[in-house]
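The letters A, B and C name the chains in turn, as written, and every chain counts its residues from 1.
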Amino acid sequence: MIRITPYILFAVFIYLLPAMLAGSYWIHVLVIIGTYVIAATGVDLVVGFAGQLSLCQAAFFALGAYASAILTTTYHVDPILALLIGMLFTGLVAYGVGAPVLRLKGYYLAIATLGFGLIIQSFLVTMAQYTGGPDGFRDIVPLNIGSYTFKTDEQYYYPIWTVAMLILLLTRNIARSKIGRAMLALRGDDVAASAMGVDIARYKVQAFVLSAMYASLAGSLYAHSNRFISPQMADLSRSVEMIIMAVLGGIRTVFGVLIGTTIMKSIPEVLESFLDYQMVVTGAILIVLLLYMPQGLIGVVRSVITRLRLRGER
Amino acid sequence: MILEIRGLTRFFQRLAAVNELSFAVKQGDIKALIGPNGAGKTTTFNMVTGLLAPSRGSVFFKGEELATLPPHVRARKGLSRTFQIVRPFAEMSVLENVMIGCDMRTGSGLFSAALRLPRSLRDERKVRRKAMEELEFVGLAARANDPATSLPMGEQRVMEIARALASDPEIVLFDEPAAGLNEKETDQLANNLLRIKERGITVLLVEHDMRLVMRVSDEVVVINYGSLIAEGTPSEIRNNPEVITAYLGTS
Amino acid sequence: MENTHLSQAIQFIFAGLTSGSIYALVALGFDIIYNVTLVVNLAQGEFLMLGAMTMISLHSGLKLPLPLALVLSTLIVGCVGILFDRFAIRPLKKPSIMLLILLTIGGSTFLKGVALLIWGKDPYTAPTFTRIKSISFLGASFSPQMLWVIGTLVVVSFVLWFFFGRTLIGKAMRACAENQRAASLMGVDVKTFVMISYFLGGALGALGGMLIAPVSFMVYDEGTMMGLKGFASAVLGGVGSYPGAVVGGLVLGLLESLSTGYVSSIFKDILAFLVLLCILVIKPTGLMKRSDE
């Protein structure tokens, strides 16, 4: 029971936050962070747990976003329904690509997913009649549940963060179950995992499809709350950012995903004229992270605590 | 005969690493597969466990031909193994490593896990209990929550045994379990093997350590250059001139 | 007498050989680095882009004569390669495939970002090496730049063959990858050879970029697609095999060109991806290697 308390405190904090920040631009940022937390959790699942280096997560995010945008704005489909259709569609695409591709290992898997991401991005640009082309898709219809329409950032904040926390909770449960174990085993040693009865192909695909559906969900929510999307959101550098979000805070932990996503999505607000520097900063962060802090920030904190403890014991 | 190998052959380029090998393992026995280095023992193992496809021949387990079944299906049918070079699951504790072995016996899936339905929680408790039992059986219960990779190699070997037993297998294949062990650890291993036999589990082991083989085995199969050269009880094998020639003085 | 079918076919073939030569140069760069360090450098495409951009800046911007700009660019990007290894790869304490992939991806993102800062999102063009506008051959007209491209590939192939096959340094570099520890025990300076391999990787990538820039536009993110196609070429021919890189690149270029010309232009970018998938599923060791090597 004691272990649940931090999460309850966190939930309370999240719900009270908008009141504390009343009217601040940061609520807009938090809405964006909320959507990316959902996507980053998926990345944590497929990269952190199952150990499959998928470089096309941003493409799945974009698929969800565009599916929602097109279905709701061009075809007047109900937003919630469109969101679910988007998730189903993206899941099927992920299954179709994943089943053959996940048999590959190492570089080949990474490049195959990279190539797939490029294809999706190119597709979004060329199918301009539906997607609006390189200039993007504007004035996306707002999200509504029944007769209640969400319009402002404050209004979007609650449903998005509710979904985000639900996703975190569900994923945490999966991680602590036999499925999480199986994925971690296949990441650690797939030969041994197979010999111990783990159907590695099935779990790889499960992780991949699940992460794609999370990304699609996130993309759909982003499309409605931001009202504007562009093919740039499917770019490789965005997939790289999502991987950083999953790893920066601390891989395979709830708070790690929250910290990583918050940092990555707050940087643009802190650095002026950031858009030009985004790629350079992303690349640099990833390199520094992997070379000097592979366990993430939580890992750094842990080793500092351990070192202090050891020093205290002397 | 719980395990039968008939005409098992495997080519690497044009060389037959295993050549028309046939032998059987009686249920409840401890059978050792021995031979000089490069005789084809590990290749045979990998064909039985499904890691390698035979060029010719078949493997029968409990009367059923295993053909192209992948390793995880064979494991579910009751065929378990350990590895010559330890393969622990890094990033997981000793207990979690062993729990993987039991997981295949539970039926709960993604949905019940995500929602923490009673079925999933029940399976978790069951798996955890079974894994602790096996750790107690091999004497590693005290290390249950330590990271698997923090154990010395000898103890990681023992953990692998617990992991292999966790699925309630009918046969366990041991790939050179004594490699790198000192005398005390080898004696402990011999004890474990005999205790496993007492549980009714069949054992097939590949080994170089002759003392261990002679002490625990009911039957021994000797191969060289991929072919069978002798089969019988340990004492029959010890005095077999062909076997002695094959080893050329190795005790 | 103009046979339009034949001239069209020749047009496609030359276009295919041209782009294929570029892919081959990128693939050769992959192979050199891989053969010495066992790292697959996913930033290889960025070296191509940087080579082109640097050459354009030096020649069109600083008004340096073209040959000087070419040589300087090659040297500069070669040095970028060395720095890349020094700061992004070498500090890694516990190398694992996933970390190496992510590091080279991080490096490629960083280099792309730098290019974005320096040159922006605009496409750039470069002048062709010779001022002749076009050559006619059997009814097909094409730019002489294509001859430069294919010719450079031939020269580079010969130089590499000589270097790795006949010179002492080259042979020692080959030994490096086979067994790094044994090589260093025998007095071979592994670090220097790693440096050389990254320099060569950078230089070859840059060369490819400079050759292709006059024929098509160069943008800051062009490197990603070129890197992907270069990698596909390397895999097609067998990773690590230099003749394989050349064959793989030319085959991929021809396939692209012919399918774009005769079937549909949708295929242009997807093809490399599809070819890669097919090869990996059917014969992962590539065309040039025996299956059991």
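Note that in this section a contact is a pair of C-beta atoms (placed from the backbone, for glycine too) under 8 Å apart; a residue touches a chain by one contact, two chains touch by 3 or more.
All of these numbers come straight from a predicted model, not from anything done at the bench.
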Centre-most chain [mean C-alpha coordinates]: A
Greatest separation from chain A - chain, by CA centre: B
Whole-Å separation of chain centres (CA-atom averages), chain B against chain C: 48
Whole-Å gap between the CA centroids of chain A and chain C: 33
Computed distance of Cα centres, chain B from chain A, in Å: 41
Parts of chain A lying in touch with chain B, wherever the complex brings them together: 170-171, 173-174, 177-182, 184-185, 187-189, 191-200, 206, 210
Residue ranges of chain C touching chain A (in the complex, touch as defined): 40, 42, 87-88, 91-92, 94, 97-99, 101-103, 105-114, 116-117, 224-225, 228, 231-232, 235, 269-270, 272-273, 276-277, 280-281, 284
Residues of chain B that touch chain A when the two form their complex: 49, 51, 70-72, 75-76, 80-81, 83, 87-92, 96, 99-101, 103-104, 106, 108-110, 113-116, 120, 123-124, 127, 163-164, 167
Residues of chain A that touch chain C when the two form their complex: 51, 53, 55, 100-101, 103-104, 106-108, 110-112, 114-116, 118-119, 122, 236-237, 240, 243, 276-287, 290-292, 294
